[in-house]
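One chain, subunit A, appears in both complexes that follow, with subunit B as partner in the first and subunit C in the second.
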Partner chain A sequence: MNSIATLLALSCIFLLGSSRLLMSIRMVAFQGLLLGILPLAAAGDSHLSLALIFLSLASIALKSILLPWLLNKAMVDSGTRREIEPFISFGASMLLGLFLLAVSGWIVDKLQATEPVPSPVTLIAGFYLVFSGLLLLITRRKALTQTLGFLVLENGVFTAGLSLGSEFSVMVELGILLDVFVGIFLMGIMLFHIDREFDHLDADRFNELSDLEIAASPDEEVTE
Partner chain B sequence: MISIHSVVFFILTLLLAPALPGIINKVKAFFGGKMGPPVLQLYYDIAKLMRKSAAYSQTASMVTRLAPVVIFFSTLGAALLVPFFFSEACCRFAGDVILMAYLLGIGRFFMVIAAMDRGSAFEGMGASREVLYSALAEPAFFCGLLVLINETGDLSLSGIFSGLSTELWRQNPAIMLLIAVSWMIVLLTENARIPVDDPNTHLELTMIHEVMILDYSSKDLGLIEYASALKLWLFSSLLVGLTITAGAVPSYLHIPVFMLGMCAVAVIIGCVESTIARLRLIHIPKFIVGSGALAIIALILKIAGN
Partner chain C sequence: MNTAWALIIIPAISGLCSLFIDSERLRKNLLVVVAFLHLYMSLQLCNGSAGELDGIWLGIDHLTRIFLTLTSLLFTGSAVYSMIYLDKHPHADGADLAGWQFLRNRNAIFVACMQLFLAAMSLAILSMHFGLQWIGIEATTLASTPLIYYHRSRRSLEAAWKYMIICSVGIALALMGVFFLAKTTTQHVQLFTPAGLVLFAGYLKLGWLKVAFIFFLVGYGTKMGLAPMHTWLPDAHSEAPSPVSAMLSGALLNCAFLGILRIYQVCVAIPATAAFASELLIIAGLVSMGFSGIFIMHQPDYKRMLAYSSVEHMGILATGIGLGGSAIAGALLHAICHSLIKAPMFLLAGNILSAFNTKKVEEVSGLLKSMPFTGMLWLAGFLAITGTPPFGTFISEFSILKAALQTRSWTTAGFYLLFLLIVFIGMLTIVMQMTLGRRPDDHADEHHHHTVADKAHDLKHDKHHKHEASAAAGSVINEEFLQLLTPIVLLSLALILGLYLPEYIRTAINGGALLLGGAIL
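What follows is the complex of A and B.
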């Protein structure tokens, strides 16, 4: 379980540093695969149930096959450039990522002071996935990469929930999976429409949509 | 106390160090389908350089003359602290890990100020890059050391490396593997190998280590070449000590296994250099920060595991 959590954290560092969209999508797919295995590893041999295996298979099918395929299709159809355009440099976002890793370690350390956590490393990985998902959401320019950030965020919530050893019911988890699927599906459709409407997926340029008239500054009025 | 063993192996280290780059070059030549220079080429080069007289630039001050000697002796000092796989180092005391890292740091500092001393713009660029990359590699090295200190409960290099055992690898394979990979990257960075720096490049704009020693000739160059070979040897022997662990090998096999390990590290470096292209300069910090990430994850795993 610890090694899966390590791989999850490493894949996040990779996502923060990767400059290629296709590699990032594949990395998120790999995270989905790891997340599919994680419940099985957490349950151990003794508690393996049919429902759990079904859930894990459904999660793998959805997160590491269907959604990446959808995102890939959105990428190809919209003809976006393959490079990711971040607001801050890749080196800086990796350093920030390391800082966030330390922060998540610190938070879990504080949490453990009040109540022991069954699997601290997995909880750290969960927090870290949430943080780096947020970081990906705010530092990347394209709508597509922001979708990836959202997926990483959701993966983090899943991991954190699993690490707390809570009894999770299959119905609830399936419901969440359905939610995520519908969410990403809607985002895919939206990306498609945005692309048709504006010829690009650059979220930074969407502020031009604003209905508000931007008040021209006084000296500009003078010159006009 | 200094044992005879330690002294003998220290002298052996000094004698064998220049052979390591030779093995790397042989591997690279093999990949290129060439014969390549002989394994002992660096010995010939150093012997040739030692017979020549030096030429200095007119703008150079005494720093330029001082630097090779400082670089040589600081590396020698670091070599005194690094254990020879199974036998203790000549010097050991609690905290010598920091002394070892910063003796190499002093060498680097003098190389950098000497590069800036000679008034060449190219050398200044090389110096700036060297400082940036080594600053990024340092946390990775120390985080790895921190984990090992935590594992073995000893603050000296000799203590750490004699405390390592296969038991650690069995208990925490993830941690040890992370440290090994991150130290491999640190080794490539510190010793100016591909993918961070190309030891064979002849374009000043892309060089890092080579550009800094561009103006040196004769004995000075010989000392620096020897010091960098020795530094490569030290980092490789740390890596061998980490991965093979002296405790796992019966004592009569220590020397052959260690030599095989060093050759293996050289072959790995040669393979890396032959198969991977040098990274673009803007991508190098990412690569080195990545090694820091591996080491920090190992540290967190270790802390969370306690």
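What follows is the complex of A and C.
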């Protein structure tokens, strides 16, 4: 279980430093695969149940095959290959990523002071994934990378949940998985629309709706 | 029990079916039939005695009663209004979605997503299990995103994208909260429901509970529109079609609010966490009220004004719950009144928008003359939403203030009054500008030659032509009965609640307040 968690964290550092979208999508698909195996590893050989295996398979199919395929299609259709000029450079965001890893470790350390956690390494990885997802969401310009960021964040939440050993019934887990899947699926469809409407996937150039630039907006409308 | 599941499953199935219905009329009728069926079944369910339905998954308590009835009522109103709204926006084949032909008809998607939205909200309200509730609240985001993108314009796409990203991130954090909450429990706890956790409050681990509450507040607070996580709200509310805005503001925000109330219900059972949770809620509430006060001043867009007013009212709710005591009952009453008033306000804004073709406050004037009914209702709605005496909002806002003074929280009371006043003044200037003054055509003819700068001149001239086209020679703009029916009914209900509180509503509010550790009204 610890080795899977480590791999998850490593894939995240890689994700923060990569500018090629195809590589990022593959990394997230790899994370989905790891996340599918994680509950099996957590349960151990003795507690394996049919429902658990089904859940893992569903998770792998959705998160590491179907969604990456959709995002890949969106990427190819829009002709975007690279993330250009993020708000924080790739090197800096990798460094920031390492710092966030340290922060995650510190938080888990604090939490453990009150109550022991079954698997601290996995919880650290979970927090780290959440933080990196947020970092990707905030610092990247492309709507596609933001979608990836959200997927990483979701993966982080799942990892944290697993490490805490909070188990719901299969139906609830399945419902949560379905919700997340449909959410990212919708985002993928919106990527196609954004590409068609704006001819680019740059979410930072979405600025028609803002209360802080009241003076600028009337001019924009006239030119349209 | 079956009724509760049916409330969720019926709209979900009929929603999916209406994607494949070709006839425009049949689809619209289905929407209204489902709405009334849902209303009837909700009332049936809520009339049963308390605690009859207390399952692992779904349950009925007083909080559920309040919010389920409210949601169903607003949905019925919005569905009736949608009939005329869809007539005005005839079906047009948009571009296909990533190669799927059947998703081209935006009206079919509208009707389908409205019903799925209703199903998701019913699930979010009826579910007692924290995990199931999370599924419901996330599903509301998914179902409402296509609704916000109804107009298929750049602005609506931007609003829908922001809504989707910000709310999904928020709700993902709430899921983290659910996992942490599961961690607080020990073997003693049988049910992962508010009542189940309260029963074993003594065994819960306090540290984890506090962390869970923070995650819930940030996560569901994003969806509820608490500042500073509210940034999606004005965009989504102003770009969505008016019946959808009414649902978002009147019903969806309440679902997220209920999500916070559920964990508050657990926190309040333990004195240490009760104080902690109350304090956070009061801060979040006052910050939201302050934010909306700042942005509502000189707001150029009247639908955004209504959206910021929603942020303010969510702030009032959070503050009321945080203050405790009789303020909790006040906040629950306020939630009811806010929904009953804000939904018709958005529908009226839709009437104004379809007549004037603009969302800009400065281009609308003389509503009382050009659209007499809409104008009058708009004015009445303004008085109601700002808490003027005959309406229910006055009683609720006043009882929250009274509780603040009784508990000697002077700073809270001071800020509360200050922000209420700022919002009142901000909305007053906007509403006066819109309702009073001359008819738009006279106004444009005489006025703009003297005052408006050259650049704006042309713009105004264009708009003027639009007015002529829509307002048919400028006199009185035709107002359809269906456009006015829902606002009249809902606003009258808000007025009645101010004059007389029926016994069953009082019972539900008091019951809900007791669940949340408050005093009866």
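Some points to look at:
As a working rule, the second predicted complex is superposed on the first by the 204 of 224 C-alpha atoms of A that agree within 3 Å, B and C clash if a C-alpha of one lies under 4 Å from a C-alpha of the other, contacts with A are read in each partner's own complex, and residues count from 1 in each chain.
Here is the rule we go by: contacts are C-beta pairs under 8 Å (C-beta built on N, C-alpha and C of every residue); 3 or more make two chains touch, one makes a residue touch a chain.
Every value quoted in this text rests on a predicted model; they were computed, and no experiment measured them.
Because the two structures share subunit A, they can be overlaid on it, and in that overlay subunit B and subunit C fit beside each other without clashing. Looking at the shared chain after the overlay, A:Phe90 reaches subunit B, while subunit C stays out of its contact range.
If you count the residues of subunit A touched by subunit B and by subunit C, you find the higher number for C. Looking at the shared chain after the overlay, A:Met187 reaches subunit C, while subunit B stays out of its contact range. An angle of 150 degrees, to the nearest 10, separates subunit B from subunit C at the C-alpha centre of subunit A in the overlay. Legend: residue contacts after superposition of the two complexes on their common chain; A:Leu50 is shown touching neither subunit B nor subunit C. By the touch criterion stated above, A:Gly161 is placed in contact with subunit C alone, subunit B being left untouched. In the superposition on chain A, contact of A:Asn2 is made with subunit B only, not with subunit C.
Of all C-alpha pairs linking subunit B and subunit C after the chain A fit, the shortest spans 19 Å. Overlap of the subunit B and subunit C interfaces on subunit A: none, as no residue is touched by both.
By the touch criterion given at the top, residues 173-174, 178, 285-286, 289-290, 292-294, 296-297, 300-301, 303-305 of subunit B touch subunit A in their complex. Note for the complex: subunit A touches subunit B at residues 2-3, 6, 9-10, 13, 17, 90-91, 94-95, 97-98, 101-102, 105, 108-109, 120-121, 124.
Taken together, the subunit A residues at the contact with subunit C in this complex read 73, 111, 114-115, 130, 134, 137, 143, 146, 150, 153-154, 157, 160-161, 164-168, 172, 175-176, 179-180, 182-183, 186-190, 192-194, 196-198, 203, 206, 208-209, 211, 214, 218, 222.
Of all the residues in subunit C, the ones that touch subunit A in their complex are 95, 97-98, 129, 131-132, 134-135, 138-139, 141-142, 145-146, 149, 154-155, 157-162, 164-165, 168-169, 172-173, 175-176, 178-180, 182-183, 192, 205, 207-208, 211, 234-235, 238-239, 295, 298-300, 304, 455-456, 459.
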